[in-house]
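Here come two complexes built around chain A, the first alongside chain B, the second alongside chain C.
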Partner chain A sequence: MTALHSALLAALLLGIVSGLLGSFVVVRRMALTGDMLSHAVLPGVVAGLAWNTTRNPLLVLICAVLAGVVGSVTMNGLLRHTRLKPDAVLALVLSVFFALGIAMISRVQPAGVQAFLYGQVAAIDQRDLLLLLAVTAITVTVVPLAFRSLSLVSFDASFARLLGFPVRFFDIAFFLLLTVVIVIAMQAVGVVLVTAMLVTPAAAARFCTHSLAKTTAISCAIGAVGGIAGVWISASRDSLPTGPLMALSTTLLFAAAALLGPRRGWLPTLLRRRSESHRIAGEDILKTLWLREEAPGLIQPLIFKEGLLKKLAAAGLVHRTATTVDLTPTGRDRAAMLVRSHRLWERYLTEYAAYKTDHVHDDAERAEHWIDEARMALLATKLGNPALDPHGRSIPSIDKEVNT
Partner chain B sequence: MNLDFWIDPWRSPTSIWLVITAAFTAIACGLPGSFLVLRRMSLAGDAISHSVLPGIVIGFLIAGSLDSPWLIAGAAFTGWLTVMIIELLYRRGGVREDAATGVVFTAMFSIGVVLLRLFASKVDLDPDCVLFGNLETAIHGRQVAIGSLSVPTIVLLTGSTALLAIAFVTFLYHRLLSTSFDPSLAKLTAQSPALSQSLLLAITAAVVVSAFQTVGAVMSVALLVLPAASCLLVTRRLPHLLWGVIIHGTLSAIGGLYLATWFNCNLGASIILTGAGLFFLCLLRFKQSISVIKPG
Partner chain C sequence: MSTPALETHDLSVSYRGKPVLHGVDIEIPYGSLTGIMGPNGAGKSTLLKAIMGVVEPDNGWVKLLDKPLKQVLGRIGYVPQRESVDWDFPVTVFDVALMGTYAGLGWFGRPGKRHRARAMEALEQTGMADLAKRQIGELSGGQQQRTFLARALAQDAEIYLMDEPFAGVDAATERTIVHLLGRMRDTGKTVIVVHHDLQTAQRYFDRLLLLNMRVVAHGPTEEVFRPDVLETTYGGKLTLLSDIAARSARGEGGRKQ
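On to the complex of A and B.
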């Protein structure tokens, strides 16, 4: 196996495992706790490296995890016993533990600490790779198996506790796994950029989907692709450091997700909003035409947008000549439904929400676009199929429209 | 206990400059840092301290030296930009604030490191500086003669940022006070909270740049947060807090020198660890229930 191959393999495994854990980190709002941990383990790493000269990765890992435990115990203690706010405590523990690590480094100068500070995928050797492989295997089997419990504990810890879940056990297990992954990731990307490996893929995945299961899958994929791309670019351009390139290519994927992600991306949201506002404007036109038919005496000049009218005509809802616009039978049915939901809603507000009759129109004007068939039927039964709205105008019924 | 033990650290002629520079840096960071802590924006300080790096590199490429106002301008800009992108992602993109912070500051830091490596031949900036700071070398840099005294430029640089921070806190005291504690009242009295916040962030970026050579990017977070956090344990008044920050900074600098000499370790880290020791003392000695710090 060449150096490039092992670097690529390390990036792939790291991307998968950090993407997987990262989605839980983001959901639990622990992004900066992860940042704190990556700095807090440094004294442990230095102690581990100074202690055993053979640089046994397992021993370094154990020391690092111990330091991580001390860091988070300190943080929880300060949070509990002082009035300092979480942000200040986090920043404080992070920087002081890091300073301790730096002081130890400058005093003992252990070999191999550079990889932990700046990240060096090339420095990941066979033993590290085996460790990484084991951690990935464990994570990839355990997380899907415990997925339901994990997501319950992550989203609603109090509810999980009420149900009798061992929340503390889950928390501690998650924390230990996270620390292990952070220590391994440090060697690839350096102390500062561990956060990028953990948080960026998951934050990108949140733009794409609502479901946690899909989030974890997408986040793994983004982490792996970003990591491999970083290693590949840095292999082709000698002078560039791998860690920052891995972080930057993952960030590029994040930017792409932020722009194009189907769930909350900029462009899909924009398109969705536009089509909704067109639908609403079109429905308003249909309704206005219907109201003109209902009270023909009331002749007022009507001004509509040309583009919207074209769309409605194309959909077969209105009939246009050079000077007039009229509803087609289908258009009339649609408009009647809108008016029906509007007037039912007004009726509902006066009867059940104690609105004054002169206050209900504006609310119904918005609600009419969102009340679907099923809800209309529910409203009608609940109100006892009323014939009149609060203003005394008749509520168009479904049957009447079919008959005419 | 012999006296030499206490005098030894001061034997070197540069010691006094080291302590003065460190104290200036600690004071410069501590003052805006207090307002960051009070506004619960410590992590914005963390983000800024990492994301000034690309600004520093770009400023260096323009100006060609480490002690030029371009560096401060560049860093202030990238620091401000980072917080703006975080806010954008948070308010418009629906990304949670902590996740947004994590994404943006690591990206900015990576850009900085890549730029640093790309222009390694042109930018004479020690990569170690990013994580450690390197005060001992910085002090041996260029010297400026003031009267008969030859003063290292780094002393002047950190001194002027300390003055800037002091001026910032003095002149904008009431504005900062009202916008920190009661943004609605501040808005009613035409003191824009957004403007104060932008100013605070820009000043933070500027002081972080000066701390960059002293303690490095990561540990400058400690200089921002530690003094205020220590003083918040013992006082409930803002003026006391600010004076306490100055005392804390000075003591950290002096103690840092001793620690660095005795244990023969990195000066920047020693300053932070002394500060942490002072924090611990505050915690032990004055552990009392403090509800909310009171203005005035």
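On to the complex of A and C.
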């Protein structure tokens, strides 16, 4: 296996495993805990490297995890016994442990510590790769199998405890696995960028779906693609560092998800809003035409947007000639429904919400587009099928609509 | 006398180092609908947390179904306070209801057809079946409460603990909840509800537990819901009780030798 191959493999595995755990980190709101851990393990890493000169990755890992445990115990102790807020406690533990680690580095100067500080995928050797492979294998087997339990514990720990789930055990296991992944990821991207690898893919996935299972899957994919892209770009250009490029390409995917993600992405949201505003504008045209029929001569002249008229004509709601626009029978029914919604809503506001009659029109202009048939029926029954709106105009009936 | 469904004895609890509950003795019979009431800071939620084992009591014990909590896990249901739920969490209404069926599934078990049917049935009972696929953050306050009530129904527990299920819900939901609570009680469930609204307490509950850092009164509603008792409950904190307790907890400001 060439150096590039093992770097690519490492990036792939890291992307998957950090994407997987990261989605739980994000939904459990533990992003800062991850950041704290990546700094808190440093003294352990240094001790491990100094202690065994063969740089056995398992030994380094064990020392690092121990340091992570000490950091986290310190954090919980401070949280319980002082009145400090969590962010202050996190920052405190993070900086103290990191300072200790740096001080140890200057004192003992162990070989290979640079990789943990700045990240160096090339420094990942066969033994590291085996360890990473083992951790990834365990994670991708256990997490999907226990997915249901994990999501329950993450969502509602109190309820999970009442059902008899060993919540504490889950938390500790998750914490240990997270620490292990953080220590391994550090070698690839460095101490500061670990959080990026953990949080960015999952945060991106949150723009795409509201299912936790899909969030996890998408997050894995983004982590893997981002990681591989980073390694590949840095390999094809000289003097570009791998770790930052992995983080940057993952961030690029995050930006894409934020722009295009179907759930909360910028573009889909914009399109949804636009199509709603077109629907409303179209409905307003139908209503205006209907009102012109109700009281000829009252509303003129009529200037409508060409594009909207075209759409309405295509939908068979209006009939156009070179100089005139008229409602088709279907269009007339639709318009009558809107006017009915509008006037029922005005009745409702005056009778139930104590609006004055000269205050209700604007509100009804908005509401008419959002009252569906079920709610309209509810309104009519509640109001006792009134014939007139508060201004004395008749409320169109729905008799014609019954069979459509 | 038969054993109560829930019994606490001399239960004292501190929250973040501050004593909140003092020597609480309660006995709640099977098949009753009890409202826990009291002013803000009276320790209502803390009592619930102590019963559920979320906070460790300083003193005293809790028995549920005549056993310590550890032996009856899965038979106790819980509806959390609305503010304590992460509504942005990626779960749907159906997912939440399905969680009610998780007791006894173990770590790796998967809910089957039977479990899904139970969850769906519970959603129908609370009028949430149509919204089963919605993410929980897209719901109104009332719908959110119905969702968690469905989870409780799907669980089919023996004792239910509910933290302010009526907070911030619409009138229709309030009626639905009252109706469902009554039905649960009628089928032999023991339902314990933290409640805020004095206006409705008398109508909603068989029994009331009036709390203000200690039990002020506890018993059938018609015996407890009296002006003088309410006056004692809501007539301000027992300043001396909380003051001395806080000083002893801090361990400072004591008598000079």
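Note that in this section the second predicted complex is superposed on the first by the 286 of 404 C-alpha atoms of A that agree within 3 Å, B and C clash if a C-alpha of one lies under 4 Å from a C-alpha of the other, contacts with A are read in each partner's own complex, and residues count from 1 in each chain.
Please note the rule applied: a residue touches a chain if its C-beta (ideal position, glycine included) is under 8 Å from a C-beta of that chain, and two chains touch if they have at least 3 such contacts.
For clarity, every value in this text was computed on a predicted model and none was experimentally measured.
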{"item": "First (chain B), second (chain C), both or neither touched by A:R206", "value": "both"}
{"item": "Contacts of A:G112 with chain B and chain C, given as first, second, both or neither", "value": "neither"}
{"item": "Chain B versus chain C as contact partner of A:H39, first or second or both or neither", "value": "first"}
{"item": "Contacts of A:T215 with chain B and chain C, given as first, second, both or neither", "value": "second"}
{"item": "First (chain B), second (chain C), both or neither touched by A:D156", "value": "second"}
{"item": "First, second, both or neither for A:L145, with chain B first and chain C second", "value": "second"}
{"item": "Chain C versus chain B, contacts on chain A by residue", "value": "B"}
{"item": "Partner chain in contact with A:P262 - chain B first, chain C second, else both or neither", "value": "neither"}
{"item": "Which of chain B and chain C A:P386 touches, first, second, both or neither", "value": "neither"}
{"item": "Set of chain A residues, in rising order, touched by both chain B and chain C", "value": "29, 83, 206"}
{"item": "Touch list for chain A against partner chain C, complex", "value": "27, 29, 83, 145-146, 148-149, 151-152, 154-156, 158-159, 161-165, 206, 209-212, 215"}
{"item": "Residues on chain A engaged by chain B in the complex (per definition of touch)", "value": "26, 29-32, 34-35, 39, 81-85, 87-92, 94-96, 98-100, 102-107, 117-118, 191-193, 195-196, 198-200, 202-203, 206-207, 239-241, 243-245, 247-248, 251, 254, 258, 264, 266"}
{"item": "In the complex with chain A, residue positions of chain B that touch it", "value": "37, 40-43, 45-46, 50, 89, 93-96, 98-103, 105-107, 109-111, 113-114, 117-118, 120, 127, 131-132, 216-219, 221-222, 224-226, 228-229, 232-233, 263-266, 268-270, 272-273, 275-276, 279, 283, 287, 289-291"}
{"item": "Chain C residues touching chain A - in the complex, by the definition given at the top", "value": "16, 52-54, 73-74, 76-78, 80, 85-86, 89-92, 95, 99, 102-103, 105, 107-111, 135, 151, 155"}
